[in-house]
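You will see chain A twice below: alongside chain B first, and alongside chain C after that.
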Partner chain A sequence: MRPLPRFRVHRPESLEKALELLATLEKAKPIAGGTDLIPLMREVEVDVKHLIDLSHIGELNFIREEEGYIRIGATTTLSDLVASELIASKAPALWEAAASMGSPQIRNRGTIGGNLCNASPAADLGPPLLALEAEAEIRSLDERRWIPIGEVFAGPKVNSLAEDELLTEVRFKTPPQGAGSAFEKIGRRRAVTLALVNAAAYIEVEDETCRVARLALGAVADRPLRMGEAEERLMGKELSEELIEEVSALCGRLVRPIDDVRASAWYRREMSRVLSRRALLKAWRRCAT
Partner chain B sequence: MEAEEILEELAERGEFIVIGRGVRRFDALDKALGRAKFTADYVERDALVVKVVRSSLPHALIKGINIDEALKIPGVVAVLTAGDIPGENQIGYALPDQPFLNDVKVHYVGDPIALVCAENEEAAFKGVEAVEIDYEELQAVYTIDEALSEDAPRIHGGEDNIAVTTRVRKGDIEEGFSKAEAIVEDTYETPYQEHMYIEPEAAYAIPEGHDKVTVIGTMQSPFLVREKVAGILGWNLNQVRVIQALTGGAFGGKDDMGPLVCAKAALAAVKLGRPAALILDRDESAAYSVKRYPARIRYRSGADAEGRMTAAEVDITVDCGAYANRAPFWLWRMTAHAAGPYEVEAVHVDGRAVYTNKVFGGSFRGFGDVAMHFAVESQMDMLAEKLGLDPLEFRLRNVLRPGSRTTTNQLLDHSVGIEECLRGVAEASDWWNRRGEVKRIEGKLRGLGVACAHHGISTSRGAPDWSAASLILNEDGTFTYRTGICELGQGSQFGHAKIVAEILGAPLESIRVEGPDTDSTPNARPTHGSRGLMLGGSAAADAALRLRGRMVKVASEMLGCDEGDVELKDGRAYDRRRPENSVSFRELAREMYIRGVSPAAYGFYAPPRRYFDPETGLGVAYPVYTFAATVAEVEVNPETGEVKVVEVWPSMDVGRAIDPLLIEGQIHGAIAQGLGFALTENLIVEEGRVLNPNFKDYVIPSSMDMPRVSDVIIVEKPYRHSAFGAKGVGEPAIISIVSAIANAVYHATGIRFRTLPITAERLYRALRGEKP
Partner chain C sequence: MMLRFKLNGEWIECEAEHNETLLDLLREKLGVKSVKRGCNVGECGACTVLLDGRPVNSCLLLAPLVEGRSVETLEGLRDKPIMRELIEAFVEDGAIQCGFCTPGMLISAYSLLSRNPKPSEGEVRRAIAGNLCRCTGYVNIVKAILDAAERLRGED
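Here is the complex of A and B:
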């Protein structure tokens, strides 16, 4: 491992100040929990002279429901998500994903914004936020834009943000009464584990018919993937275990996993099928009819 | 001898004061509060940072080492190479095959070549990157078969790549197999296991004047460290002072790594006249430190129609990696335990350890017996099945009993409790009712497996073994106890204190343990081989008994009673006939000092001498054996291949339980470590390079993976020649859990794995018809 490079830590207390530092300082990087960045800096050479610590910016730390949206500030920790009644009741997929991550120590530090910006293909918050059709607010000193959550991911460990931009908020439409969502993951132990495959499903059912179905899988491509073709086969249909089984088998074919030290691509395809089915079934069962 | 009589009398009294009770350890609070000091906590800010320049190739000649660029880096103080070693450039343990710093040839990726000494970590890191090594690459050897092939390059010269061989010839093997009703034969392979101790290897060396050095380090054998450091420096033993800091997990690995790391820090400190620290990074520790030796075992065994073992023919090959290190001891241990804890009349064993160009193996809890019992216990299950017998019943018919003879024909006349262990776990797990059919719970398969273990305590064959300790009665009636046995988390030192307290009737809190410092603590020899409590504690008992004799004598005079009527209890000496007549240890101590009766005692212990013939492999291989049996229940998820260990029922014949909490601690820890070895731990080595030297991808179990652990069944069959009859616990704890899990997976799925780990993907594939 490398020694940590020498850097200066800045602790702005407002978003404005943070964006200003990011725009003006050379070789500056934002840091929140540091659970990904610090190990990364010890693994590979990271050209950084300034770290801008976002954890003292109160306006970035919130979970609230507003105007039909559930809004989550970027520095909201995984523990905050797990402690939130709102997330537990309205977005169980997101709750389950957060609860599955790391250890209590990691969840106390790691943040939603950090998990997304780290852009790991295995990011556990990727699939549930894709399934919830979440959006991310991206800000710089002079611009503010919303992008679909999938667009944060640009490749393995590469996000799409410009150097002077910050991910400041994540939002998704409050799921209507009766919607169901679920998250599933397979790792190599029961805690502190990277997903070999993870999956999240979101389903709305009306009059026995599936109105909305969304399914996303992680660790099976260079970024988390929506299973569009599978979703189409579910929408407008009456759900059944057979249909879900069939659609899950399709997911096993849609993914594009690789072989690595953790698992073979073949096993990941098999598990994509298994987890798709589990997530869809669980989400469906959670739909109050 | 009188001392033995007193000990016997103490051992036979119905109720002990502290022995056998679970007592909170005196190091618990500081450890829980983070106040306990480990090696890195001692390092001063201005100490030199030492980093190792390592070979990037698995097998190559060194044509040149250029340190010029490294020396230009600001902050780099020196780069030390083989030429800077004042003593002998050799640090092999069993064989002189291991240069301390390589200047001729490298034998694995990670082999040390030079030491960069710098003012800070950054400069040291850049210095390591700037040292240029000119190699001439040689063909590398990666597998056992490659190593044994005729045209393989000879890694250490000589005629072949075999470092050592072993053999046992007991009984008539042909006759044994001719009596067999069932014969099974198979080949088993076990992989590397990395210790992943929470504290990586570390050493801090401080030069003392011009001709002495103090080394503080994480280790298991302070006196071995002293010997190796002195050898590298070309100094006498008394010029090197070694202090063992509290050690954050060791599991055998630090027995081997202690000397290697301490000698590097010491060389830097002595050459440069400044304190120097070497602390390995996690990836260095995981990639380049010793590992559990991989092994391949071909096993053929048979049993007759009555379900009695008749013969076992075993062929063992240990993969040493680059250096032999402990391989002769490892291989002999496997060889001497080859028949398992069972009585088998005819046993033939052939063993060899071979060199390959990979990270070298070394000590690891269980020391060869994990692999050996994996083979033995798989065979026992298969034989039972072939004979139509329940596997536990089949084991009961064959287990060693008092009067039995082991693999090496060693007669076990007492302290043999494997039958009680096995019956204990059978009852606790409700084996006879539950083993029958495989249960299905929500599509998951439940299986129950059993396995036994035996493990010789301390060092193999006739190697001399002994231990020492010292004890001082201070003027205020408190005691200072010194031992060379290390605290590694296991609590042996606390066990010693309890033995002293029991013998002297002293309150536990009045005894302070001073850990290893080679300048002041007696040489207790290594803390390995599960000997820390048995050997070290017996030396403690000897010291306590010697002091007790003097205390009783002076007390009898103070109390005006016979020595035989003096009772020591609760920090006082009583006249047994008139208990109101007593003196405190403080008063007694003062009286001893005034009268000139020595208040200090040196304790020494050696187990009975043994005879072992290495030619036939017959004789007394170990002074005594600890026995264990385990039942494990697993739940297999056929949808993913995941194995969940649901519950474990452990038992052990510990001789005498000095402290049941210490035993429980060892067993719980060993279950986690064994579970990892059985199911998830998989060091990936490609072309000599370790690809997953980290917690992320070398998967040890988390607390969430721990099964329910049933109350430990403690069987007490005291050993006649140790304090209170205690036997070692640390290693035996891990041996049977691994096989019990594998056998339970077989029971649940009908799939027998002959290689480990049984990862989810492997089991998933096997469930779909691929050959496991």
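Here is the complex of A and C:
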């Protein structure tokens, strides 16, 4: 275990000031909860001279529903998500993912923006936010843009942001009445564990017909992925356990997982099938309620 | 850098390095030894403290980040009624074992009972999911937390 690099910590109290620091300081990185960054810096050499602490920026910490969107500030903690009635009732997939992560201690510090920007292929918030078709707001001093959540991920542990950019907000359309979503995960144990595979499903049913189906899997490729081909086979159909079983088997063939220290590619394929089925069934059951 | 924060109810000012964790600051400079270093990467929970009333791993928390905030450790919580009851139950139920994980366990249990006076066994287990015991397991620890909760409710 290596000592932490010799960086300076800056504590801006406004977003404007944080963006200014990111734009002007050399080798600067934002830090929110630090639950990924600190262990990373103890494990590998991280070339960083300045850390910009985002925790004093009040305008980045919120969960609210506005003009048809659920909007979540980047420094909202996993515990904040779990405590939110709005998230629990409207986006149970996101709620379940947040509740499954780390430990109480980690959830009290880890943030939605940090989980995405850390860009782990196993990031638990990846699949539910993909299934909800969320977008991320990316800001720098002179630019502000929205990108689909999947585009935050550029590769294993690499995000797509430029050095002077910050992920400031995540938003998705408020799911309509009758929509259902669900998250499933398998790890080596239940708490404080990285997902071997994770999955999230989102379904809208109208007059017995599946109008919208979205399914996303994590830890089965270099970044979390939507299962477009599987979704196509569900939309416009009357859902049944048999159809979901068939589509889930397809997912097991669509993914391209790797063997690593945590699990074999074969096992991840099998679990992709199992978790796709569980997530789809659970999301479907939630449509009516 | 100069750092100002509330430690166990009292505002203190101290010198801290930019790249120092709260765990190091507490143990090495401020003499707060109930906070243990186990894994140093946020998995074992032996370094758990309360930050603004919520349990966090002090090994993952840079000292500069606690500026203006409140940090509580077992030293400051030991005389609170909930903690007294927990400590007594840990002793009586043999939940201490080697003792290394005990301060962190107690902080997590204290946080749970402060919010939820009547937890189920499942809720107790989830509350201490971030605290590892490497001795003989969790049976007596869970029992002690449930016993303390029961006594605090006056159902002895």
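What to note about this one:
By our rule, the second predicted complex is superposed on the first by the 288 of 289 C-alpha atoms of A that agree within 3 Å, B and C clash if a C-alpha of one lies under 4 Å from a C-alpha of the other, contacts with A are read in each partner's own complex, and residues count from 1 in each chain.
The working rule: contacts are C-beta pairs under 8 Å (C-beta built on N, C-alpha and C of every residue); 3 or more make two chains touch, one makes a residue touch a chain.
The model shown is predicted, which means the values in this text are computed figures rather than measured ones.
Steric overlap between chain B and chain C is present once the structures are superposed on chain A. By the touch criterion stated above, A:S84 is placed in contact with neither chain B nor chain C. In the superposition on chain A, contact of A:T111 is made with neither chain B nor chain C. Look at A:I38: by the touch rule set out above, it reaches chain C but stays clear of chain B. Looking at the shared chain after the overlay, A:S120 reaches neither chain B nor chain C. Looking at the shared chain after the overlay, A:S248 reaches neither chain B nor chain C. Contacts of A:T168 after superposition on the shared chain: neither chain B nor chain C is touched.
Touch criterion met: A:L194 reaches chain B, while chain C stays clear of it.
After overlaying the two complexes on the shared chain, residue contacts for A:M271 are found with chain B alone; chain C is out of touch.
In the superposition on chain A, A:R2 makes contact with chain B only, not with chain C.
Taking chain B and chain C in turn and counting the residues of chain A each one touches, the greater count comes from C.
Shared contact residues on chain A (touching chain B in one structure, chain C in the other): 1, 3, 6, 103, 190-192.
Contacts from chain A toward chain C in the complex involve residues 1, 3-9, 11, 31, 33-35, 38-39, 42-43, 51, 53, 55, 79, 102-106, 108-109, 190-192.
On chain A, the positions that touch chain B within their shared complex are 1-3, 6, 103, 186, 188-194, 261-264, 267, 270-271, 274. Within the complex, the chain C residues that touch chain A are 1, 18-21, 40-43, 45, 48, 51, 54-57, 59-62, 64-65, 67, 108, 111, 126-127, 129-131. Contacts from chain B toward chain A in the complex involve residues 120-122, 124-125, 281-284, 639-640, 642, 680, 684, 691-692, 695-697, 699-705, 759-761, 764-765.
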